[in-house]
Structure formats: C-alpha cells, structure tokens
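Everything below concerns the one structure shown next.
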Amino acid sequence: MQIGMIGLGRMGANLVRRLIRDGHQCVVHDIDQNAVQALAGEGAVAATSLGDFVAKLEKPRVVWLMLPAAVVQRTLDDLVGLLDSGDTVIDGGNSYYRDDIVRARRLAEHGLHYVDCGTSGGVWGLERGYCLMIGGEDDVVRRLDPVFRTIAPGIGAAEPTPGRRHPDGTAPEGYLHCGPAGAGHFVKMIHNGVEYGMMGAIAEGLSIIRHANVGAESRAADAETAPLRDPEYYRYDIDVAQVAEVWRRGSVVSSWLVDLIADALSRSPRLEGFKGRVSDSGEGRWTVDAAIDEGVPAPVITSALMERFESRGLGHFTDAALSAMRSEFGGHAEKPE
Amino acid sequence: MQIGMIGLGRMGANLVRRLIRDGHQCVVHDIDQNAVQALAGEGAVAATSLGDFVAKLEKPRVVWLMLPAAVVQRTLDDLVGLLDSGDTVIDGGNSYYRDDIVRARRLAEHGLHYVDCGTSGGVWGLERGYCLMIGGEDDVVRRLDPVFRTIAPGIGAAEPTPGRRHPDGTAPEGYLHCGPAGAGHFVKMIHNGVEYGMMGAIAEGLSIIRHANVGAESRAADAETAPLRDPEYYRYDIDVAQVAEVWRRGSVVSSWLVDLIADALSRSPRLEGFKGRVSDSGEGRWTVDAAIDEGVPAPVITSALMERFESRGLGHFTDAALSAMRSEFGGHAEKPE
Amino acid sequence: MQIGMIGLGRMGANLVRRLIRDGHQCVVHDIDQNAVQALAGEGAVAATSLGDFVAKLEKPRVVWLMLPAAVVQRTLDDLVGLLDSGDTVIDGGNSYYRDDIVRARRLAEHGLHYVDCGTSGGVWGLERGYCLMIGGEDDVVRRLDPVFRTIAPGIGAAEPTPGRRHPDGTAPEGYLHCGPAGAGHFVKMIHNGVEYGMMGAIAEGLSIIRHANVGAESRAADAETAPLRDPEYYRYDIDVAQVAEVWRRGSVVSSWLVDLIADALSRSPRLEGFKGRVSDSGEGRWTVDAAIDEGVPAPVITSALMERFESRGLGHFTDAALSAMRSEFGGHAEKPE
Amino acid sequence: MQIGMIGLGRMGANLVRRLIRDGHQCVVHDIDQNAVQALAGEGAVAATSLGDFVAKLEKPRVVWLMLPAAVVQRTLDDLVGLLDSGDTVIDGGNSYYRDDIVRARRLAEHGLHYVDCGTSGGVWGLERGYCLMIGGEDDVVRRLDPVFRTIAPGIGAAEPTPGRRHPDGTAPEGYLHCGPAGAGHFVKMIHNGVEYGMMGAIAEGLSIIRHANVGAESRAADAETAPLRDPEYYRYDIDVAQVAEVWRRGSVVSSWLVDLIADALSRSPRLEGFKGRVSDSGEGRWTVDAAIDEGVPAPVITSALMERFESRGLGHFTDAALSAMRSEFGGHAEKPE
C-alpha cells in the first residue's frame, strides 16, 4: 500500500523503515528537512511541504501522523482543507482518547475517516515490531490491514497461547481493532497504566534487595529514628544487576521490563547516571482518571503514579505540613539530612 | 498515692507536675540532676541515685518509667535487683508491645508487676491531660486507678457520647485498661498508626489547595510533561492558613490535628522552616506489621507510612530504576530539576 | 436579612431554622409542600410556587439553593427567567466547582450574582453550626456576611489558635471567603477528600484492634494460607467501643470523627447493622482528580477512595484475574469462603 | 551427580524428571508411596523410608527438600540424626529466609551444610526450567553447580542482555548464588513481592478496560451515588481476552504473566470460574515487612498485598466503621447491593 507519514522522529522514522522493508510505498513529511532527506535516502518519497505531501498521495489517501500530542490538532486542522472525501488520517501518537472521539466526529463532517492507533514498542520497535491498539470504523480499519500487519511484530514473536485452539482475529499478530473512535488510544492508555504499575513493582523489589544490608550499617539511636529490631537479618550484599539478569529466565516475573532493567544495571549497577526524577507523560494520569470514573479500584497503578509524583519532589508542601504537625504536638524537630 | 518517676524529659516532668498538683507524692530520678532539682523546686522528692530512689519509695512501690524506648530494658535490669516482691513498674513510654509481654513474664519471676501504659498528649498534656491506654493485671491496674485518673483529661474534656446512656468504665475519663501485658502499648501503637493516616490526609488536602493555581503557571510543552488539560480550572490563590482555621469549627474534619496545623500555618503560612523530612519513630511501622500479620487491609495507614519514607528520599534507588527503564524502552532522558 | 431557601431537606430546613432563630426572615420553597408547611409553622414564609417564591422576596433578592447536585442546573434555568439584575443565587449544596465557574459566567450575562458555598456539618449543624467555604465576587460575599455569620458555628466553638495573635478575617467564626466562583466548592471538595482519609485511618486502626486476637483462632496450615509466625502476640480481646471512647480525650487523634464512631460503637459494638458497602458521592473522586491534575501526590486520600470502591465489590474482575493468573502459573485453586 | 529428593509434589517430581533427563541419578522419598513408585517408573531410585533414603545416597550426600514450609523443620530434625558430617541439605521450597539463617547455624553444629534455594517456575518449570535463587557457603554452592545448571532454563531461554559484553557468572543461565544462608530465599521472597505488584497492575488494567462501557449503563441518580460526568466517553465494549493477547507481542508490558492471563481469558473471557478470593501465601507479606524494616517505600507492592486482603473480605469491619461514621454525621444509609 501507499502511506503518507507526517512526523519523522524516532518512532515515525522507524515505522517508515519497517513499512518500506515490507514493500509499502511511503511519502514522508516533517518540519525538519534533514529527517525527510535521510528517509528519502532509504527509499521513501520526500515531500517538501504539506501541499506537496498531499499531492504525492493517491486517492483515497492514507495519512499517518506520528507527532507529539500537542501538535496533532494543529496538523489536523491544516490537513482538513487539503484532503478529499474518502481519505483517512491515522493518529499513531499518544493522544487522549477523548480527543479522538471529537476529532473523528469533526473529520466525518468532511467525509474524512479517522483512525486512532496506540503504538507501543519504543526504540526497539524497528526490530521487534510495534504492538498496535486501533480504534475506528470497521471497514476503514479493515482496509488498512496490510499496513498494520507489517508494523506489528507478527505471530512468531511469542509462543502460541495454549487456550487459543482456534486462533481468530489479528491479536496473535500483535495488532487489534479494539472498537470505534478512541478505543485504540483507550487501550493504549491503560497499557501505559499497567506499565507504570509493573515498573513500580520491579523497581521497588530491586530497591528492597539493594538495601538488604541496612543491618550492617550504623543507625542513630534517638527518639526520631525507628529502631531496626533485627539487624542480623539485614546483612546481605546482593548484586542487584545479577538478580535482574537471573529473573529473565524461567521466573514468574520474566518480562520485557525486567530485560530492560537488567540491561541498564549491567551498564551501571548503581544507576549513577539517574537522579530519579521520573517523568509522567499523561497516560498514567488518564488511566487513574478512568478507573475513578468507572469506580474500579486500581490501587497498584495509582500508587505507581503517586510514586512518580513523589520522585519529583511534588509532595514537598505535604511533607512540610507533616513535620509542622509533629513539631506542634510533640516538639519534634526535623532530623538533618 | 506515692509514685516514683524515672525519666524527667518533657513528658515525664509534666506527668510529675500533674500528679503533684492533684495531691500525689512524687519521688523523681533522672541522669540529669538539673531536671531532678527543677522538679524538687516544684514539690517533688529528689533522688540522687537509683538506690536512693528505691529507698525513698514506700512498699509496695510504684515506679513509672518515662524513658526513650532504647533505655527501658537497661533500666528495668537495674531495677529488678533493687525492688521487692509486690512492687510495680509502669512503662509509660513508647515500647513495642511485644517487649511488654516478655518483660512482664520476666518481672513476674521476681514477684514484680509490670504495667504498660501508652501515653498520648505530647507537649500539651500538662494542661489537657494525657490519654492513657493501659495493659497489665486486673488488680494491679485497679490499684493504680487514682494515678491514672489524675493524669487523664477527665470526663469534662469532651461532650458526653450520646449513645452511652449508662456510662461504664473509665474510658470517658480518658484512660482505659485495654487488657493483659502489652495491650496498652498495642492500642497506643495503633493510635499512632491512625495518627499517621489522619496527618497524611490533612497534609495532602492542604497541599492540593496550596497548588490550586497551577493553571496560572507556565508549563513545559514537551513529551516528558503531562499536559494540564483544563488550566482554567486551576487558577485559585487560596490562603491555606485561613482554610485550616475555618475547618476547626463545625466541619466534619475538625480535630486536634487540624487545630495544630492551623496554628503552625498561622505562624508561617508557607511553612518555610520545614524541609519536609518527616521522621517515623516505630509505631507506624509496627501498626502496618500488625495489620499484615492479622491480614487486615490498611491501605490508608500504610500509604501514610510510605509517604514518610518518600519524604526522606528513601525511594531514590527505586526512582532511579524507573528512570533507567524509561530510558531503555523509550530513550527518555530525565528532565532537569 | 431576608433570604429565600429552595430545598427543605434535612440540611435546608436546619439552615432555615438557624437563620430564623437569629432574626433573619426566610421565604421557603420545596416540591414537597409538607416540608414547606412544617417550616411555615416555625416562622418561615411559605411559597406555593417558584413564581410566588420570587415575588415574596425583596430586591435585590438573595436565593439559597440547598438541593441535590443533579437538580441544581434545572432550578437555576428556571430561576434565571424570574430573577432581576442584581439578585444573587447561592448554591449551598455539593456541586462540582467547575460547574460553578460555568454557572457564574452564565448568570453574569443576566446581571445575576452567583455564590458557591460548601457547607459542612451534616445532621448536627443545627446545633453546632455549619462550616462554610465560600466562592464568589468580593462585594457580593461581603453583603451576605450576616447570613454566613448566623449559619457558622461562631468563634466560641473552639479554643483560639495560639499563633493568631491578631485574628483577622472570618475564618475563626467558621466561614471563609476562599476566592472567586468555584473556590468555595473547591475547598469543600478537598475537605471531603480529607474526610475520606481521616475516616479510613480511624476505621482501619479500629479494625486492627478488633482483630488483635487472631493468634487465638485456629488457622489453616496449607500452602494457600500465609502462616502467622507469632500467634502468641495476637491474643488480645480488646473492646473497640471503649478504645474509641478513650481516644476522644487528650489523644492526638481526638476529632469529631472519633466522637462519631465512639457513638456508633457505643450503640452497636460489632456494628451489626452495617454491611460495609460504603458509598462515595463525588467529592472524593474529584479530590483525587484535582491532585492528579496538579501533580500533587495524595496516596492517603486516594487509598481511602479505592478502599470504598473495594467495599462495594467493584474490584471483582481484578480479583478474578489475579486468581486466574495464580491458577495458571502455580495450579493454585481458590480457597472456599 | 547423585541427588536425593524428599517431597514429590508437582514441583519436586518435575525437578526429579528434569534431573534424570540430564543424566543425574535421583533417589526419591515421599510419604505418598504412589508418588515414589511413579517416579521409580521414570528412572528414579525409590526409597521406602527416610532411613532407606539416606542409606541409598553416597557420601557426601546431597538432599533436596521440596516440601510445604510448615513441614520443613520437622523433616530437618529427622534428617539431622541420619546424615553424616559433610552432607548437604538444600531447601528448595518457600521457607522464610530468617528460618534459613537459624537452620544453617544449627546444621553447622553437626558438620552439615545448608543451602536455601528459591525456585520459581510453577507448573511450567519442567519445560521452561526453573529460575533459582541460591543462598549458602561458596564452596558448597559451587560443588552443586551441575545440579543447578540442569534445573535452570539455560542461556538460550532469553536473548542476551545487550549491556553484558563480558558475561560473567551464572545469572544468564537462570541461577544465581545470591549470598550466605537465607540470601536465596530473600531474593525469592522479593521476587514474589514483585510478582504481586505486576499481577495487580495487569489485573487492574484489564478490569478498567472490562468496565469501559459504564457510560452505556443506567446509573442511580441519588445523593449516595457519584455521578458519571461524561458517560459518552465510557461506551466501549472491548474484548479483554483479545487485548491480553495483543499485549503479548511488541508491547512494553509483554511478560510471562500477560501470557498467562491471555491464556486464562482465552478459555473463559469472563473468568466465570473464579470467585476472586485471592490467597496470599506469605512471601508478599514478608516482602512488605522487609521494605518497612529497611525503610524503603514500596507503595506498589504493598497496595497489591492489601488488594488481596480486600479480595477475601478481610476489610469488612473497616468498611462497616466507615458506613457507621457516614450514618452518624450525614444520616447516610447504605445502599442495597
């Protein structure tokens, strides 16, 4: 198929490469002409402007946006005037699913189709393929099947699920049409929420192992310090990097995230390069919002989100208020760092 | 009654004052002779040594220990050889209730009685009276009733509970025999756990109010920063000190802790003096341990404990591991502070 | 002052009573004519219809709505056509603060003033007074001062805050103008979030005490049951009702909520009448939404919200999924109830 | 090598099979003679009694215990009298690491060696191999290397970790000597804690997706029910089983646990067979205890543990107390189920 790609950052460029490799034709556009030229050198058709981009696509056109969430709306606004009825726009970025619902409705007024496609795979997707969670009209999504099939990892990427005797649908290929507009980004949003929780669990576990030698350290013996009752049980110097590595095979927690932290720890066992200020880019927050709207308890995912807020020092006023109360009722002074 | 007090820190000294005021006789001992002399000037009988202290008490002796948890055992060991069968030792500090069970058993071998007395009231107890949670043998605790009655706040300190038509027992006076050895410190431990949770809730709420103007602040618009979808709803500059004050009367959250934070905020609305490194001195940890042993879910209290750990930066390795994983799968770099 | 009240449920009726007692004139309206007549018998002016209600009020009119959140918009729509420029509407219910912002803007187009007033005090407010958190235009709120002053508990309801040497403002009276439209309900919303957290802490603590005798119970000794390592430390039968009562005086956790649970436990020590399905009516959810929007960690309040969801069985699918995973990897069967 | 196995349950029997397959000789014992005979038919040497078992092993003997935690101590006590100085006992079950420390010390008094070996892999280990986390003396563990190597999955079970340019040690084979006595079970304990958190995150995420259609359901409009502000955003009927399947390939959350829930959902998309009463068998509790002792915040893992407690209804009294407080301050009645 022919497909137009707008946004040639790491993800967009690798999608193009994966598509070209598999025989699709890609027309590419980006505000950075260097990015455009680089991909032209790899077989893509370069577009010099949005108008040129649209002109080089055959009708009905297929346009894939791989842009920061903040830029999507503006680009859509520009595109609407240039596209023709029957064309399709795919938003492959991390848009909020509620925006998809509004956008699909607006584009429909112009005879345009809108598909939201949550794309997971990060910097490794070029090789591993990307897990795709798709929302949109049935026939439109069906028409795009060759594109999704190329981008997805394919059935060989994992062992078959034993219970699936009669495999149906595309999920085992690594892509799934989840429902109407927004459904793709909804599932991707929850995917990221799950990711937060899994990451939090792994990081906490490694941290508890990392501190398994607190019993060997000296400890202040004042009224402000909780005593360690059994220091003899905390005298282990365990190599956290080796633990992450050993968990990669045969264990219940084996997972891609454990693979990744094993890699990071193999390079830097104390993670010296990291200050521990953990960003959150929206999906985790929206996941918790959805859980609350639905009334579904999600304490694990929520705790992981709060942990990230804490990591960036956002709880400072809360903590100061706690110290202030302790000072008021007990005359407790804060201990120096 | 005559009572001997060992440990004349803030709490111990104020207990003595409250006892003397109400007509009890107090023999006092401390490693700090200045503390002893100060109270002697207020009517207490000064003891120059542990031997002198024991000698000045009439049999059967009543000895109240008001010491840091770390010193209690040593003092008990010294006392055992000096006391006589029938004497009673009260531990009024913050000992772990499991130590009480062991100590009571050991003292019983010498014919000595042991009473554990959780004491809440902080720096305000001299005036307000102390809430007492008591463990020990029935008749021994009953014999000490005049002492507990004096120290406790008394029935006038709160409105009668409407449902208590036939008030029975001493709880409305502000002291309670909770059960055998350890029961007093068990209830006090849980009291402190509840305190953690209440403090956390109040501090978090005030913090959310304090930050109600984030919509008026500029915000980075990059892929690492969660967007604020509706900044127009976060443009309030609310005076947190006034909020704490208004909550003191008529509201559902009115409580002594709200009184205290209102006081702290009235002195320093931004809590400038506090770094927000919140200590925890054992009872919160033990409360969670007990919840886990019992299999009782205690997510609120537990979150408050974890929040304190976070406030002291103890989650650093966890956070670094999270950043490391994000770097691995998405090439995300940490944002500078 | 003259004031019109629409909505004569428990809260609305008691507000009217408190206003009449203090010499204000009240015109009252409700869809339930019995409620109207009851208050007419206590000195209020009865209105037979919304038109009659508006006609009986002197300009500039002051209308207080004390209605379920779901009915407020409809009533406002009806009122707009009947009121005159310069009139004021106060929403004293539990509206979402974002609705206030929209409503204030719309009413302003008609020359009408809008005041949002979060009202805490529940069934006890008639006697104790209500804590009022107010949003709206400065001069409008100032004009209503006599009304707020009457409804609020008054300065005598609590000891003065020591740090407030020069008391300024109305907060010590129990009412506070928090900011522009929505600020009152914003602060009330957070108040309820704090309430969730405090309630959760108290309930959990009492529950841990209630189960302090698990060591005396027999326990299954199979691979699916976590062993209790030290049963000898969990053999207390502690009277939870007495504990709640003793915490009311002198303790750090003393609070109105402890007063209330002490009352409930004094009537029913095992709380037999309650199934433990805990409702949540919106403010707790909105508080967490606000924390997340602001990026302020609020693990304690959030845990309390999730705990309520769990209490109503909303986590069932999550739990079934956990059991399913355990069954898959370990062949673990669920234990019967 | 020759190795004796006591305990021929699912795990023990599969360990024996894996060892025999790779050319080791296994002497087997169990209180169930059928289990013994079954393995004898597959090439193991059957022992009719503990004495016979010991007699059939060559010195220095290697004895692997694969028993429920509750039975280990008794078996060790029996073995001590039968073994000879220089023999080694491996505990491959789920013992608490603190017991290992005590046991190693006691066995050392008899010249016996003790090795603790946390074994992960569940019912799938026969095929996949088991992840082994080992504690004990250096030379003893080194001597057992052929056994561990056989049981572990082997380096081919996962892609090499890119950062490990000079692979050292055995972790890439799937087994790791973590440190002295107890270190193996310590790491296994934390492994299970991580497992709890990962499971909780996955289950919660799927549950939020499962309930993405709440906006299409009718909802009570009373003061006890939180309103759903935007029902139009919750009208998705998403096939959870397909979602789990699609996440298996290319996504950041791909993991063995996602493989397993995909399998369970493929068999029963609504998980009808499960009541959602999730057991916990000790390691999760101990992990949280360790986090608290160390002062390491672990909110994610802790929330997962509490969620399991909730799933079994253990929060009932807490919930009843919450309902009781709501009834007291607001006259709120519980809603029927």
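The first chain written gets the first letter, and so on, giving A, B, C and D; residue counts start at 1 in each chain.
Assume a contact is a pair of C-beta atoms (placed from the backbone, for glycine too) under 8 Å apart; a residue touches a chain by one contact, two chains touch by 3 or more.
Just so we're clear, the structure is a prediction, and the values are computed from it rather than from any experiment.
In summary, the chains found to touch both chain C and chain D are A, B.
Averaging C-alpha coordinates per chain and comparing to chain B, the farthest chain turns out to be A.
Contact tally for A-D versus A-B: the pair with more C-beta pairs in contact is A-D.
Over half of the residue-numbered contact pairs of C-D are shared by just one pair in A-B, B-C or A-C, which is A-B.
Taking the mean of the C-alpha atoms as each chain's centre, chain A and chain D sit 28 Å apart. Note: centroid distance chain B to chain D, computed from Cα atoms, is 38 Å. The geometric centre of chain A is 44 Å away from that of chain B, both derived from CA atoms.
Chain C has residues 122, 200, 202, 204, 207, 211, 226, 229, 252, 256-257, 263-264, 285, 293, 295-299, 302-303, 306-307, 310, 315, 317-318, 329 in contact with two or more other chains. Here chain A touches chain C in the complex through residues 252, 285, 288-289, 292-293, 295-299, 302-303, 305-307, 309-310, 312, 314-315, 317-318, 329, going by the rule given at the top.
Within the complex, the chain A residues that touch chain B are 10, 68-70, 96, 122-124, 199-200, 202-204, 206-207, 210-211, 221-227, 229, 256-257, 260-261, 263-265, 268, 271, 274-282, 284-285, 299, 303, 307-308, 310-311, 313, 315-332, 334-335, 337. Per the touch definition, chain C reaches chain B in the complex via residues 97-98, 101, 120-122, 125, 128-133, 152-155, 157-159, 161-164, 169-176, 178-180, 182-183, 186-187, 190-198, 200-202, 204-205, 207-209, 211-212, 214, 226, 228-230, 232-234, 236-239, 242-243, 245-259, 262-264, 266-267, 287, 290-291, 293-304, 306-307, 310.
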